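Next up is a structure, given as structure tokens.
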Amino acid sequence: MKSFDSSLISSHTDHLIDLAIAEDIGSGDITTNHLPDPLARGRGKIVAKEPAVVAGLEIAKRTFEKFEPDVDFSSNFRDGDSVSAGDVIAEINCSMRTLLTGERIALNFLQRLSGIATNVRSYVEELKDEKIRLVDTRKTVPGWRVLEKYAVRVGGAHNHRMGLYDGVLIKDNHIEAFGGIKNAIDHIRKQVSHLIKIEIETSDLNEVNQALNAGADVIMLDNMGLEEIRAAVDLINGQAIVEVSGRVCKTDLKRLAKTGVDIVSVGALIHAAVFVDISMRITPSS
Amino acid sequence: MKSFDSSLISSHTDHLIDLAIAEDIGSGDITTNHLPDPLARGRGKIVAKEPAVVAGLEIAKRTFEKFEPDVDFSSNFRDGDSVSAGDVIAEINCSMRTLLTGERIALNFLQRLSGIATNVRSYVEELKDEKIRLVDTRKTVPGWRVLEKYAVRVGGAHNHRMGLYDGVLIKDNHIEAFGGIKNAIDHIRKQVSHLIKIEIETSDLNEVNQALNAGADVIMLDNMGLEEIRAAVDLINGQAIVEVSGRVCKTDLKRLAKTGVDIVSVGALIHAAVFVDISMRITPSS
Amino acid sequence: MKSFDSSLISSHTDHLIDLAIAEDIGSGDITTNHLPDPLARGRGKIVAKEPAVVAGLEIAKRTFEKFEPDVDFSSNFRDGDSVSAGDVIAEINCSMRTLLTGERIALNFLQRLSGIATNVRSYVEELKDEKIRLVDTRKTVPGWRVLEKYAVRVGGAHNHRMGLYDGVLIKDNHIEAFGGIKNAIDHIRKQVSHLIKIEIETSDLNEVNQALNAGADVIMLDNMGLEEIRAAVDLINGQAIVEVSGRVCKTDLKRLAKTGVDIVSVGALIHAAVFVDISMRITPSS
Amino acid sequence: MKSFDSSLISSHTDHLIDLAIAEDIGSGDITTNHLPDPLARGRGKIVAKEPAVVAGLEIAKRTFEKFEPDVDFSSNFRDGDSVSAGDVIAEINCSMRTLLTGERIALNFLQRLSGIATNVRSYVEELKDEKIRLVDTRKTVPGWRVLEKYAVRVGGAHNHRMGLYDGVLIKDNHIEAFGGIKNAIDHIRKQVSHLIKIEIETSDLNEVNQALNAGADVIMLDNMGLEEIRAAVDLINGQAIVEVSGRVCKTDLKRLAKTGVDIVSVGALIHAAVFVDISMRITPSS
Amino acid sequence: MKSFDSSLISSHTDHLIDLAIAEDIGSGDITTNHLPDPLARGRGKIVAKEPAVVAGLEIAKRTFEKFEPDVDFSSNFRDGDSVSAGDVIAEINCSMRTLLTGERIALNFLQRLSGIATNVRSYVEELKDEKIRLVDTRKTVPGWRVLEKYAVRVGGAHNHRMGLYDGVLIKDNHIEAFGGIKNAIDHIRKQVSHLIKIEIETSDLNEVNQALNAGADVIMLDNMGLEEIRAAVDLINGQAIVEVSGRVCKTDLKRLAKTGVDIVSVGALIHAAVFVDISMRITPSS
Amino acid sequence: MKSFDSSLISSHTDHLIDLAIAEDIGSGDITTNHLPDPLARGRGKIVAKEPAVVAGLEIAKRTFEKFEPDVDFSSNFRDGDSVSAGDVIAEINCSMRTLLTGERIALNFLQRLSGIATNVRSYVEELKDEKIRLVDTRKTVPGWRVLEKYAVRVGGAHNHRMGLYDGVLIKDNHIEAFGGIKNAIDHIRKQVSHLIKIEIETSDLNEVNQALNAGADVIMLDNMGLEEIRAAVDLINGQAIVEVSGRVCKTDLKRLAKTGVDIVSVGALIHAAVFVDISMRITPSS
């Protein structure tokens, strides 16, 4: 499992932390601002309350640094590690103020991102020993695309395109507007960068055949049954990458993998993930 | 059910739509940008694929307006209305470009906000005929606080404080730092605005008693059992507002309500909500 | 007097410093940019030219740090301290460039904030030995709300609500729109967070009585005479917090305090404050 | 009196209105948001409560437009007009919501800007029939430079430089750093744009003489007495523009003007101005 | 030639116009602000002073709209059209103020973008009747990437990747870090989205062979001579897309095309383009 | 040659670096993000590939610091120094990641700014031993005004005004709108700061004469021939600064200088500059 991708802490991510601070603290933390000793030091322990795959350590650290640049944030884990209930995910030494004011924001990031990574990992484990690649979709919480897709990678799956700018996916509505599958692919191929692959959505074998003849790089089989999927894989026969899409249950994944498709995309990796239970224990430093 | 709170479309919310557009479209929608007829018109129907409580209509509309200011967006529903699978939630008439490029962003907003409202409504229905007030917490997705708390109201529940700035909640860690419950309340009362109530977290009857004597406006009973809650309600006897907090299951709510507490706060209203299934059908206009 | 509230140096305050730098320096300081020795060091002494209550030291420091992160800024005073004409409020050691370019911006912050704190202190001294709480209003310079209300606290008075979001104040226009005092309070109580108190404006004893019966948390007596105020205090008799508002002269404060009202709000604390005279002496370092 | 300079409503000014809305409304106007009829219409009359010179009408209008783009805002006055107590400065027809929520922000802009214009006008009237030009300084409230200097022009006086970027003013500290008056002027003249005049601060006749010989475009007489000023004017004899600076009382202005100096700069035009009393009366529309 | 891609007028582009206005106008246009009649109307004609390919009409229009939302901007041309010296590219009817203040900013956009399109067109004409695709590089003016690459398309060439996010290009330094060509391709293929093609830089036939065996989608021949290029094309034999890179002169293009390579990338399309001469004639409207 | 003007690294410049990073890296560098050893160190050498005048070292350094705050960036040159092909302009020691990801952005800044400085220097050398001052114009790439004008100074020429805010230049269109040269100058003189000089454009000796009589500070001779310029210089005879403008070839400069005009403005200093060839060599650190 590779270490956290520090390039995430880009201006975009930083901006989200700023938004979070603004929305939570606004004109000031009117409870903590009145602490009798504003310089009192404390120690916070971030503790898993249920089994989880950790994601977001670097962002949690960055959140506390926004309040206190030289905060001491340490962890025995890295993003992608599994933790059990009771494990101390990270320890923070800094002022009590920073701990009390920053706690909820840091936890919200960790709980959301670890929630996704944990959810993804459960799908990934279904598919171990299979060659199929599990990918996410663009069904994400607005403003969180880069972070949520990062958590998918942390969980062990892969990303589909990041957005409308880095991959062509021609859907049924596009096909109609372009006047057929061949026209659509030809027209777009002429325009887009030679580094971009073209994927096209198909709903039956006839369309799969057209896509193949038009030279699609990737063919998506949308909402097809297992039989039809197998037939499509046979028809395509390695001449294009094959992706299956639609409402896929976790329990169907293994059978799907056996059909020989290359890729399965599952929106629920992100959009059905919920917070994992993580909390913080604060104690004064002696 | 009151109409959508248009003040939500503030600079903050607008900013989130801009972020969503930036992250999804970036340097351009390389599929739709190459449509043969960039002026072709179309009609989009946003359709519920499962029963839901609608939330976010105004934001969905605003999203399309970002691409085409005079888009025609109409709906027979208002935020807070229940819809069934198959119901057309809204209809949009504009260019095919705007429909194809804006679809996913608008749906992501609608699916997230309706997901929360639908989740909240299921809790609210558990509590109908009860006087207890159901409220949310600060466990929210960073950057989404105002919107998620709006969806809670749409679903029929209430908001706890928006952030650290508009309510005092003295937790166990604060109490220790202030040197006891009485000191904490006295000290803070002297500093904060006379319009702000002071809530304090208690973990047993002894602390409840101290809180009461110190003149707390709201007393939170944290992780107490039903028996202890009843005893606390008796002890407090109307001299302070009583809030119950902790991991509360939906099925426990009714019994909790019978204890006479005024308020129950449930983080899962927001943090355990998932997308509801809503999609869009696009057809060319004749 | 507590130390400067460092949480003020939030992104909001930082943003105001950036605005100040942009508006003053723009495309460059065309006098100082041409110094023969751009590395020459200097010492600046910020000196009070008249008696004042100091406010804004942290912001002045932060302003210089924007130009030179490791500037040496020291002071024998803290926000809230009284200084006499001639006192050296702070000393700055850094490059001559930073001193010459940053001087006016830092002084503008200090002179404005100390101006408010000094003005507030003169009111506070009128009221020493009285229990009444002196508070500000929302009559502030746009963009400066958080800072100006900070200076009020530094001067020794208290804040009313920060804005429209953290307190309910029902004015005569609201009452009419809601259909009476009781309707207004009932309706709003049902909607707002249980942590928010409800204040209502009254103009005579009849309205005070209605407010009392409707369960207002705070009753504002607007533009009443001393006799009427005393009668209102008697009528309310501790069942609500009593606030007096209107054009209050400093010389009336003491008499007002004797009536037994809890709070007096004075917009002039902020909006009638002017710069105190503070300047900077710069000398080259040997 | 010329009409309001609409170029003021630039992105900078717009930004200040946005800041003001953010700081006052934040997560929502919790009083007005609960109006029973969110569509109810109303009329607001902005009324002078004391004699004033109006400034900021366009900004007040723009503030209401932020809430309701097609608000009907009309006025019989223009910036720079004098009004008496009781005059209706402007009338606004729009929703009650917009009136109630926007009132304080719009008034804060109007009261601050009109406060400056009114203060300036009182100085200008002292100087009518005199040729001397009255100008402001850089002692302004951070973030408000452009607006405050606009109000100075509205009041009838002139602006000194806007900031450090559009004029050279060599002060005593600069002179020392450059190694004398002549060196400073020569060095800077070689560097700055040929469109920028060079002003230099002098404290006695000897320095005036050096400045003159070095070819200064503008010579500032800093803190000199009337006698010395007259001698300096004689010495300079039209070869440079002469500016007087220092703590100048309004009552000294006339005598100063008689000395023949061209310009007098008075920081108090801006930094000693306070809010003028302006309020709003709201009534429901039938 | 297709119409202007209106999606360019995104928040990014808009932001660049705002920057341009801020840097040129700052605290105000001190010449035009003093026009005796601020409402006077005028007509501006934007005229080509030399032959050019037009690019940027929509941005020029948007620039004037920033000053006057209902400006009347019309043109007989579309981006990509060729114009001759003397042709009126666009006509603008609005206030004299808007014309005088906005002129230079609008022209700067038009001159820069048309300069690129004109430069690109001259390369494209060299290559007409050839199948080779001419593409740009990432050598662009910071902040202008999206606009400059748009102008390349307007001129008739294509874009290479937009940035580091939408295409993989493995250069010699990467190869070393990954431990060889095969390792690099294998490792990256496993990680990136299945919609992204992988391009690798090669410097001789041996590396071309390795790239081919490792399954590269695109093979870049870096700084090779014509002979070596022909040999590489033979070796690759349609199994990968072939791109030639390096300092390519316009006069070499035709010979290069005959080698059978698919793509030639030329940084000079953008980085060696200069302003074309375009000016504006302003006349008052009767 | 003075050292780099560090005040350039203002929020404005910083903002341009952020834009450049956003446009090039977006959601992530998908090649470099997958380096097997994300901590591997490397050394980059920035090398001139052709003779050049260096400009932008501080910005290049700042660009790498955005990725890695403690990057080790060193150089034997300063902005304004001439380098030969092969010279190592700077050396950077940091992680391979930072080198590979930041390379193109840093080079784009350096190549653009050095391109301008190099172009300017070639003009400056034409004029050595002449007293005439060579200045730029407002024909700049939008968003780059401050940087491009900085590069002009680095190259050895001077700046005309930065924008519309720091100098008055009355052009033919203004003259018509003001009703003649005298009216224009009188009217504007009454309004603008006494520190701003007034320049007026003239097209023949008659207009020169009017400008002189109206007291213009600077007279621009627009598109006049050498004979007419000489006559204008005689006529003006030192009573105003004389500037020549229009399409001036580098080879005409010397003759122009001999006419005795004070200033020649050449837009091509900036708008006809192209990238100089600078590249980076990266090697792993042992």
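Letters A, B, C, D, E and F mark the chains as written, and numbering starts fresh at 1 in each.
Here is the rule we use: contacts are C-beta pairs under 8 Å (C-beta built on N, C-alpha and C of every residue); 3 or more make two chains touch, one makes a residue touch a chain.
Just so it is clear, the model here is predicted, and its values are computed rather than measured.
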Classification of the chain B:chain D interface as same or different, half of numbers criterion: different
Winner on C-beta contact pairs when A-E is weighed against C-F: A-E
Chain whose average C-alpha position is farthest from chain D's own: A
Whole-Å gap between the CA centroids of chain B and chain F: 52
Inter-chain centre distance, chain D versus chain E - centres from mean C-alpha coordinates, in Å: 45
Chain D and chain F, separation of their C-alpha mean positions in angstrom: 33
Centroid distance [mean C-alpha coordinates] between chain D and chain C, Å: 22
Multi-chain contact sites of chain F, meaning residues that touch two or more partners: 12, 23, 25-29, 33, 101, 145-146, 162-163, 165-169, 191, 193, 196
Sites on chain A touched by chain B in the complex: 12, 15-17, 19-20, 23-37, 40, 42, 96, 99-101, 104-105, 107-109, 111-112, 138-146, 162-170, 173-174, 176-179, 183, 187-188, 191-193, 196, 267, 271-275, 282, 284
Of all residues in chain A, those that touch chain C in their complex: 18, 21-22, 25-29, 33, 38, 97, 101
Residue numbers on chain A that touch chain E, as the complex places them: 133, 135, 158-162, 165-169, 191, 193-197, 199, 217-218, 241, 243, 262-263
Chain C partner contacts - residues on chain F that touch it in the complex: 2-3, 5-8, 10-12, 145-146, 149, 162-163, 165-166
